[in-house]
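Chain lettering (A, B, C, D, E and F) follows the sequence in which the chains are written, and residue indices restart at 1 in each chain.
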Amino acid sequence: MNLHTLNRSPADSRVYQQTLQAMGHDDQLLLIEDGVQGALPQLVRYFEDVEGRVYALKEDLEARGLLGLCADNVHVVDVDGFIELTEQADKTITWY
Amino acid sequence: MNLHTLNRSPADSRVYQQTLQAMGHDDQLLLIEDGVQGALPQLVRYFEDVEGRVYALKEDLEARGLLGLCADNVHVVDVDGFIELTEQADKTITWY
Amino acid sequence: MSKRGFAKEAEEEVRAMNDTQTDLQGDLLVILRHGPHGSSLLREGLDMALVAAAFGRRVSLLFMGTGCTALVSGQGQGPLGQKGTQATLNMLEMYDIETLLVESEAMHALGLKACDLSLPVIEVSPAQIQAAMTTHRLVATF
Amino acid sequence: MSKRGFAKEAEEEVRAMNDTQTDLQGDLLVILRHGPHGSSLLREGLDMALVAAAFGRRVSLLFMGTGCTALVSGQGQGPLGQKGTQATLNMLEMYDIETLLVESEAMHALGLKACDLSLPVIEVSPAQIQAAMTTHRLVATF
Amino acid sequence: MRYGILLLGAPYSRQASHSALRFARALVAKGHILDSVFFYHDGVYNAARLAAPPQDEPHLMDGWKALHDEHGVKLDVCIAAALRRGLLNETEASRHGKEGYSIEAPFALTGLGQLVDLGLRCDRLITFAP
Amino acid sequence: MRYGILLLGAPYSRQASHSALRFARALVAKGHILDSVFFYHDGVYNAARLAAPPQDEPHLMDGWKALHDEHGVKLDVCIAAALRRGLLNETEASRHGKEGYSIEAPFALTGLGQLVDLGLRCDRLITFAP
């Protein structure tokens, strides 16, 4: 199982398409930096193929005022949770 | 009349949507750097709303091996042509 | 909150109705297309706007694409203490930068409403965006 | 040209048929998502691949998105004499980097065919991309 | 016509600097006046005096200097953007208690007021971005 | 576990450096070993010794140094990426006939072989990118 991080908003960049193609059946996706915009209810649909396996970094949501606007089906984790995801995953693959 | 330059491929970035919104009826669009990918026949359809007003920079097409693959309805100009476009336009607006 | 949101929306409609090409004229239009924290472009664009205003120039801001998130209420510092841009946004009024345009299509794409934003804005259509490009002497994109 | 294109396509089909997960195993998978000239990322990714290969590691390359344009034939120098990456690509074989995967969806999106490319490649589906992610010990994205 | 250039991209990392230098050379060759190049955002990295690119690649900083020497083009670097990125001239280095300096003439550290001024006094301001 | 970090983003321009430093601090706080941070692409700018950010903002270079001093984290900078961007230590400066230098210990100029090695000897390699 691999962890994928994505730091671009799907409203900006098409790199999320590459991320989704590279994600195996039990891989997980962590949205960080500007990528946390993907947790907005209007944008989370881009990730419906991997629903239930989408995480967003709490500190990055908070800094942007987006924590309260986050979709319900996104798991919010802090930086310690980020580290735990990297512990559990065989590899972490970065998309930007 | 304004000139707009775009240095991102529509296959990569959604910034072309902002460019198109900002283009007035007689504005012109010049594709430069990675933006020249937009001159490929498969991608030029993103610019159909401004057809006939799309230019691509020759030197950037050549360096990428794309000059021969360019769509017919894109005007190819070299850097002197780029300067002439900026002379004719009131302003040059950069999208990236 | 929803009451305040409503008041803001009403206020915004009035502003939008008053909005004519003449109102939009100015020396400098700064286009902001990036949110806070992810890159320094938002701050650097705002800095240019503030400096121009301090020198007596008439400045308008146009938020496009994900740049609209720059105005979302309740932004904080970054986790290492990065300042963010909220403090700078709060200074705009003091510098007489009062024309804040936001791209209507982007607001819809992001699912944002005027009441989610911390400052009063004018939502603009492509035609109004095109007008702003011609009624300002200088346009800078960040 | 079309004859040569056909030969290449046939050759490629044979390679694709021989393609198994075992063939794809390796120490390092370098994912290249940027074309030449626009940024230095393509060159920097290729440099990492060459160094790893020089140290005896088994290296595969995966071209995704607009990175597929990195392989287009007939690239030249930049107008100021920037080297570009064609020379580096020509060195891959010498370094035993022979597994060049290209994202099939991106090739279609860009309207590119294998005969437009300067090196023999294997077009890969999402399932094959996912397999490559697990059969390499290390994955680096550029 | 009188032109100004605003450069936002780092050298070597992105094509912006190459595009800007190519445009600048073509401008003066065509008889236009290039008033100034203003370096902002990552563009300030173009002024790094110790840049040592491989000999078979264009030396961008020398290219900017030649434009200054041969055509009087001013090379203005945003001071706020430069300081946080480690680009200090001798004056700023001593003001910040640092030994050594990383930019030198003809690159000049200046404020954003210069950029606004440039944009308004020129017939055309062209931005090259990362 | 043993971790390595690959940092590709310039400080202040993009969040990558902030994200990497935050992750690095949390790693060591959790008891993991952070072997090295490898600076490549625009990440090499993190090593600029003259960086003078405003006092009310995090000083990223000091943050990297503290990780080295307190936790023995190696700070490796890709030499090829650094030279073309104007980041030279004293040895490289004299080799290239330049006066002055722009990076110093604990940042070390090294080759890409170190990056490959780091990736293969660590349990995890995490990349932070622009």
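Methods note: a residue touches a chain if its C-beta (ideal position, glycine included) is under 8 Å from a C-beta of that chain, and two chains touch if they have at least 3 such contacts.
Treat the numbers as computed from the prediction; the structure is a model and nothing was measured.
Listing every chain that touches chain D and chain F alike gives A, E.
Path length between chain A and chain E in the chain contact graph, taken as the least number of steps between touching chains: 2.
The minimum number of touch steps linking chain C to chain D comes to 2.
By C-beta contact pairs, the most connected chain pair is E-F. Because chain A and chain B carry the same sequence, their contact can be compared by residue number, and over half of the numbers here are used by both. Chain centres were defined as the mean of their Cα atoms; on that basis the chain farthest from chain D turns out to be C.
For the pair chain A and chain B, the distance between mean C-alpha positions equals 33 Å. Centre-to-centre spacing of chain C and chain F amounts to 36 Å, using the average Cα coordinate of each chain. Centre-to-centre spacing of chain B and chain D amounts to 27 Å, using the average Cα coordinate of each chain. Among all residues of chain B, those that touch two or more other chains are 7, 11-12, 14-15, 33-34, 59, 79, 91, 94, 96. Residue positions of chain C touching 2 or more other chains, listed in rising order: 37-40, 65, 78-79, 82, 138, 141. Across the assembly, chain F contributes residues 12-13, 15, 22, 41, 57, 125, 127, 129 that each touch 2 or more other chains. Contact between chains, as defined at the top, is found for A-B, A-C, A-D, A-F, B-C, B-D, B-E, C-E, C-F, D-E, D-F, E-F. Against chain D, in their complex, chain E makes its touches with residues 12-15, 18, 21-22, 56-58, 63. Looking at the complex, you find that chain D touches chain A at residues 31, 33, 64-65, 103, 105, 126, 129-130, 133-134, 138-139, 141. Interface residues of chain A facing chain F in the complex, by the touch rule stated above, are 7, 32-34, 59, 79-80, 82-83, 86-87, 91-92, 94, 96. On the chain B side of its complex with chain D, the touching residues are 7, 9, 11-12, 33-34, 37, 40-43, 59-60, 62-66, 68-69, 79.
Residues of chain B that touch chain C in their complex: 2, 14-15, 17-18, 21-24, 27, 90-91, 93-96.
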